[in-house]
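Two complexes follow with chain A in common, the first pairing it with chain B and the second with chain C.
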Partner chain A sequence: MKHPTSETFPQNVQKALGDTTLRQALSTVSATFSQRRRDAVNDVPEWETLREHAHAVKAHTLSCLDEYLRAFATKAEGAGAHIHWASTAEDARQIITSLIKPRGNVAVVKSKSMTTEEIHLNAALETHGIEPVETDLGEWIIQLADEPPSHIIAPAIHKTKRQVSELFEQKLGIEPTDDEKRLTAAAREHLRDVFAQAKVGISGVNFAIAETGSIVIIENEGNARLTTSLPDMHIAVMGIEKVIPRLSDLDVFLRILPRSGTGQALTSYQSIITGPERGEDRIGPRSLHIVVLDNGRSKMLRESATREALACIRCGACLNACPVYQQIGGHAYGAVYAGPIGSIITPQIDGLRVAHHLPFASSLCGACRDVCPVKIDIPNALIHLRQHMVTHGKPIPVVSPARGKTTFRVWRWSMTSDLRYRMATAFARFAQRMGMTKLVGPSRKWGHGRSVPRLAKRGFRQIWESELADDGEHRTK
Partner chain B sequence: MTERGSENTVLSAIQQHLSQSDREFVPLPNIPTRTISSDNVVNLFAAQVKLVDAQCVIVQSVDDARTHVMALCNAGDVQKLCRSDGEIVRKVVKDIPTRVTVVDAVENREQLFVADAGITEAQWGIAETGTLVLASGAERHRLTSLVPPIHIALVPASRIVATMPSVLKQLTGSDGRHQAVTFITGPSRTADIELTLVVGVHGPKELHVIVLLDT
Partner chain C sequence: MGPSSHAPRVSLFVTCLVDQIRPSVGVATVQLLRRLGCDVEFNPKQTCCGQPGFTSGHWGDARAVARHTIEVLEADRSDWIVIPSGSCGAMFHHYEKLFADHPGWLSRAKTVTGKTRELSAFLVDVLEIYDVGARFDGRLTWHDACHGLRDLGIHEQPRQLIRKIAGAEFVETDKCDACCGFGGVFAINYPDISTSMADVKLDVIASADVDVVVSGDVGCLMQLENRAQHRKRPVRTMHLAELLSVPA
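And then the complex of A and B:
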C-alpha cells in the first residue's frame, strides 16, 4: 500500500476532513486523552517545578551530548552490550539486517518503537526475507492492516472495534465480535505462539542512562518485556537524544511521561536493562545490540529553537492538544512523527523540500507548548522554520509573500475607515443572504474545505444604536 | 567493541554542530528531594496497589502467606505454579499441599507457558504508586513474573519505601549487579482498541501482592 507523504499534505488534509469515522474517533481520542492528562497533572501540585526540572536536565544533556553519549557507550560496553553508531537511516537498516541475516530464517518480534518506524525497518527487513512481527496490540493491528501509526501513544486509534473485528476475522479467522476483551484475547493467543518461537527481539529505548550504561523501556502491555526477555538476541534502537545523565533522573521523567501520555501515575512496566544475560542468570538475551541513530538529529543542535525539540520524550500530549491534529489525525502529516512536534522533527529527517507544508500546519495557538511536559517552545520552533524558509528563498506553501501582503493591505484599508468597514460588512451580509457560503475570487482556493462563519442578521453596532444606546446612562458621547 | 568503525561519524557530527551552535552552558540540576505525608508506608502501599487493578493483603508470617497462596490457587484453579529462586518464595512454597505442582521456572523454562500462575518476591515496594521492583541480581524473576496469567508477589514490609528516589539511589549504588530491573504497577493492560481498558493483554491478567510483616 502506498502511504501518504508530507509532500501531499493539502490533499491528505482534504481526505481526512471528509472521513467522518476518522473525525469521530479523533474527537473522542483527543477529548479522552486530554481529560485524563488534566486529571493526572492536577494530582501533582509541583507540576510546574517538575517540567522546569525535566527541561533543565534535557537542556544540560543536549549542551554536551557527545560527552554523555560517549559515557553511556563506555558503560554499556563494559556491561557487555555492543554499541553500533548509525549516521543515517540506511546505516541503521544495514546494521540491523547484518545482525539478523547470518542467523538464517529466524522469527523476529518487535515491541513498539517510533525510531524503527522512522527508519522504515520492517520494509527493509522484508526485502531480505525477514518478517518481523509487531507485538504491541495497536502496532500489530496496523501491521495486519498495512497502515502507518496515526498516534504516538495509540497507533491504531483511527480504527473502530468493528474494523478491528473484521480485520481479525479476515486474517486470523476469528468469529466477529464487538467485545474488545475477546479481540485482545485473540491477539494474546496468536502472539504467544509467535513469542515462543522468536529468536530476535527488536525494541526502542525511552531513556539511556549515561551513568550506568542502562536502557529503560516503558510500556503497559508486557510485550516489550517479552520481546527483551525471551529471544536470545536483543536489538535496541535509540536516537542520540535519548540519553540522560543519571539513573536518579528517572524519577522526574517517570512522573511526567505517563501522566502526559496516558494520564497514568505510572505505566504497568518499566524495564531497566544493563547489558545482556550473564551466564549464571539463564534468563534473557545472550547478546544486546544498541543502535544509536543520528538521522538528521545532530544538525538540530545548532540553533536553540530546534535543539529544544530534541528534548521530546514522545508522550503525545501535544497531538491531543492541537486543534489541527484534532481535525486531521496523524496520517495526514504523511510522516512517522505527526502533530506539532512532528512538524519540527519531520523536516529535519525528510528535508524541508519534502516537508515544506508542515511548519505551516499550525495556528500557533500555543496549546502544545502549554501541555509539553519538558516545556518545548513548539510554536517558536515552527516560526523559526518558517523564517528560515522565507529568508533562504525556499518555496513556501499556502500563500505567496506578495499575495499575503496584498491581502493584509486590503484588510487594513477596509478596517481603518468607518465608512469602508460598514460597507464591507454590509456587502458581506448581503452576499450571505444571496446564498453565498463559500469564498470566491482569489480566496477561492484558500477557502476550499473551510466554512465561512455566518454573520448575525444585525451587527453589534446596529443593535447598540437602535436599542442599547438609548439608555442615557451608558451614552458616552 | 565498537562495530563498523563509524563511531567517529556520529560523535564528530554532534561535536561539530555543537561547536558551531548558540549553546549556553546549562548546569545539571540536583536531584530534587521528595517527601510524602504518610506515617504508615505499608498501608499506603497496600491502598495504592488496589488502585491499579491489583489485589493486596497484609499477613503476619510465612505460614500465613502460604495459607493465602493456597487460597489464591484454589480460587484461580491453579494446578501448576512456577516459582522464582527467591529465598522467601522457597520458604513459602516448601510445604504447599501436593494438589498444586510447584515448578522451578529457571530450570524448566518451557513450563512457564503452561503454568497457571507464577510466584516471585519483590526487592522493593514503592508506596506512593503501589509499585513492585524486581531486581535480577537478587532473584531470577523476569519470566516468572510475566508469562503465566496470574502473578503472585511476596513483599516483606521492611522492603517498602515511600517514593522511587530511594530505590533509584540504591540501584545506582549496586554498581551494575542487576542486569534486569523491572518495575511493576498493576497487571498488564492495553487500551489500543477504542481506548477501552483491557487487562492481561500480554502479561498477567491478575496481580496478587502479599505483604509479610515478619520474615
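And then the complex of A and C:
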C-alpha cells in the first residue's frame, strides 16, 4: 500500500478532517492520555526539578555526543556486543539484512521501535524474503492492516475496537467481538507461537548507557523482553541521541518517561541489557548486535534550536497536547514521527523540500513545550526551521500567500513608515468597499470557513487624533 | 508603582489588529487607564510589532519592522508601554532572538521590551489594582490566549480583574487554555485545521451557556467570532479592555 507523504500534507489533512471515526477516536484518546499524564505529574511535587534535571543531562550529553558514543561502543564491545555504525537508513537496512540473511529462512520477531519504522526496515526485509512479525499489540495491529504508526507510543491509536475486530476477523478468522480482552487474547495466542519459533529478535533502544555499555528498553507488554531474550540473535537499533552518560542518570528518565507517555508511575518492564549471554547461566541471546544510526541526526547537532530536539525521549506527550494533532491525527503528517516533535525531526530525515509543510503546520500555541518532559522549546525550533527555509532554502513551492517573499516585502514596506502604513490601510479599506477582498490571497484564505471582518471605518489613530489626544492634554495640564 | 510621585506615564502600543479591525479596544484601553489615573499617550507613528514576519521566517523583513517599532517607542518619554495583546506583548520578548547577532539593536530592543506590559499584567502587577470599578451584568468566561498565557505567564491577572467586576458571573470553561486556532499566519496557511480548532472551543463555549467570551487578544476574538458567524451560531466576544472600561 502506498502511504501518504508529508509532501501532500494539505490533501492528507482534508482526508483526516473528513474522517469522523478518526476524529472521534482522537478526541477521546488525547483527552484520556492528557488526563492520565496530568494525574501522574501531579503526584510528583518535584516534577519541574525532574524536567530541569533531565534537560540538563540531555543537553550535556549532546554537547559532547561523540565522546559518549565512543565510550558506549567500547563498553558494549567489552561486554561482547557488536557495534555497527550506520550513517543512513540504507546503511542500517543493509547491516541488518546482512546479519539475518545468511541464517536462511528464519523466523524474526520485533518489539516496538520507532527507529526501525524510521528506516522502513520491515519493507526492506520483506524484499529479501524475511518476514518480521511485530509483537507489540498496537504495532502488530497496524502491521496486519499495512498502515504506518499514527502515534509514537500508541501506534494504532487511530483504530477503534470495532475496526480491530474486523481486522482480526479478516486476518485471523476470529469471531467478531467488541471485548478488548478477547481481542488481546487472540493476539497473545497467535504471538506466543511466533515467539517460540523465532531465531532473531529486533528491538529498539530507549537509553544507551555509556558508563556500562548497556541498552535499556522499557515496555508494558513483556514482548520486548521475549524478543530480546528468546531468539539466539538480538539486533537492537538506536539513534545516536539515545546515549546517556551513567547508569545513575537513568533514574530521572525512568520517572519522567512513563508519566509523560502513558501516565504510569513506572512501566511494567524495564530491561537493562549488557552484552549477550555469558557465564554459566547462558541466559539471553548468543549474539547481540547494536546498530547505531545517524540518518540526519548529526545535522541537527549543528544548530542549537534543532540540537535541542535530539533530547526527545519519544514519550508522545506533545502529540496528545497538540490541538493540531488532535484534529488531524498522525497519518496526516505523512511521516513516521508525527505531531509537534515530528515536525522538527521529519524535515531532518526527509529533507525540507519534501517536508516543507510541517514546520508551518502549527499555531505555535506552545502546549507541546508545556508538557515536554525534557523541556524542548518546540515552537522555537519550528520558527527556526521556517526561517531556515526562507533564508537558506532552495526555492520551495509557495503554497500559501502568507508564506511568500512578496507578501512580506509588501508588509515590510507598509509597516516601516507611518505614511506608508496609512496609505496601505486606506487602500485596504477602499478595496474592501469595492468588494475586491476576495481577490487578495490572505483575505480569501481567511474567508474559507469564516466570515471576513470589516475593517473599522476609522482606525484607532484617527479616533485618537480627533477625540482622545486632546482629552489627555487637558487632563494632564 | 515605583518611587516616582507623578502619575504613571503610559504609552499605548495599540497593535495593528486593534487599530484596523477593532479600534474600540484601543479606545477602551485609553479610557480605562485614564480612569485609573494614568497619563496616556499614543504615538501615531507606530505600526506593527513584527510578529507575522518573525513567525513566518521572514526575519529580515521582521527586523526592519521591529527596528521601526523600537525607534518609535524609544522616542516616547513614558514609564511603561501598555499593550492590549499578549501575543504582541510576547513578540517584544522575541526581539532578543531577532537581534541576537545585532548587538546595538539588541540592547535598544531590551530597553524597550523592559517597559512593555500586557494590559492585565500592567493593571495587576504594576498598578496593583484588582477592582477597576467596572460593571457587567451577565455570565462570562475567559479564553486564555496562548502567547499571553505561555510566553508571558499571564493566567491569574485577568481572572483577578474579572472576579471584581460588579454584576458579572464568571465561569471557567473546559479547554479555556486550548488554542482557538488563530495562530496568526497559521489561520491563513491552513484554514481548515484552524477552523476545526475553533469549533472545539466554540462547542465548549456554547455548552457553558455564557453571554460573552472574554479574552486579551483581538486575534482570538476575531477567529472565534468569524467562525461562529460562519456556523450561523454567533457568539458575543469582548476584549478585556472593553469589559473593564464600562464604569459601574
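FYI, the second predicted complex is superposed on the first by the 391 of 477 C-alpha atoms of A that agree within 3 Å, B and C clash if a C-alpha of one lies under 4 Å from a C-alpha of the other, contacts with A are read in each partner's own complex, and residues count from 1 in each chain.
To be clear about the criterion, a contact is a pair of C-beta atoms (placed from the backbone, for glycine too) under 8 Å apart; a residue touches a chain by one contact, two chains touch by 3 or more.
On a predicted model such as this, the values are computed, not experimentally measured, just so you know.
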item: Touching partner for A:418 - first (chain B), second (chain C), both, neither; value: second
item: Partner touching more residues of chain A, whether chain B or chain C; value: B
item: Touching partner for A:309 - first (chain B), second (chain C), both, neither; value: neither
item: Partner chain(s) touched by A:14 [first = chain B, second = chain C, both, neither]; value: second
item: First (chain B), second (chain C), both or neither touched by A:298; value: first
item: Partner chain(s) touched by A:248 [first = chain B, second = chain C, both, neither]; value: first
item: Touched partner set for A:60, first chain B, second chain C, both or neither; value: first
item: Of chain A, residues touching chain B in the complex; value: 25, 28-29, 32-33, 49, 53, 56-57, 59-66, 69-70, 73, 77-79, 82-87, 91, 95, 135-138, 141, 154-157, 159-161, 164, 180-181, 183-185, 187-188, 191-192, 196, 211-213, 220-223, 225-226, 229-230, 240, 245-252, 254, 262, 265-278, 281-284, 292, 294, 298-299, 301-304, 307
item: Chain B residues within the chain A interface of the complex; value: 1-4, 6-7, 9-11, 13-18, 20-29, 31-32, 34, 52, 106, 109, 113, 129, 131, 136, 140, 142-143, 146-147, 163-165, 168-169, 171-172, 176, 178-196, 198, 200-204
item: Sites on chain A touched by chain C in the complex; value: 10, 13-14, 17, 323-324, 326-328, 360-367, 369-370, 380, 383, 385-391, 399-403, 405, 408-409, 411-412, 414-418, 421, 425, 428, 441-442, 445-446, 448-453, 455-456, 458-461, 463-465, 468-469, 471-472, 475-476
item: Chain C residues touching chain A - in the complex, by the definition given at the top; value: 7, 14, 16, 18-23, 26-27, 30, 34, 39-42, 44-48, 50, 52-61, 64-65, 67-68, 97, 146-147, 149-151, 177-179, 181-198, 200, 222-223, 225-227, 229-230
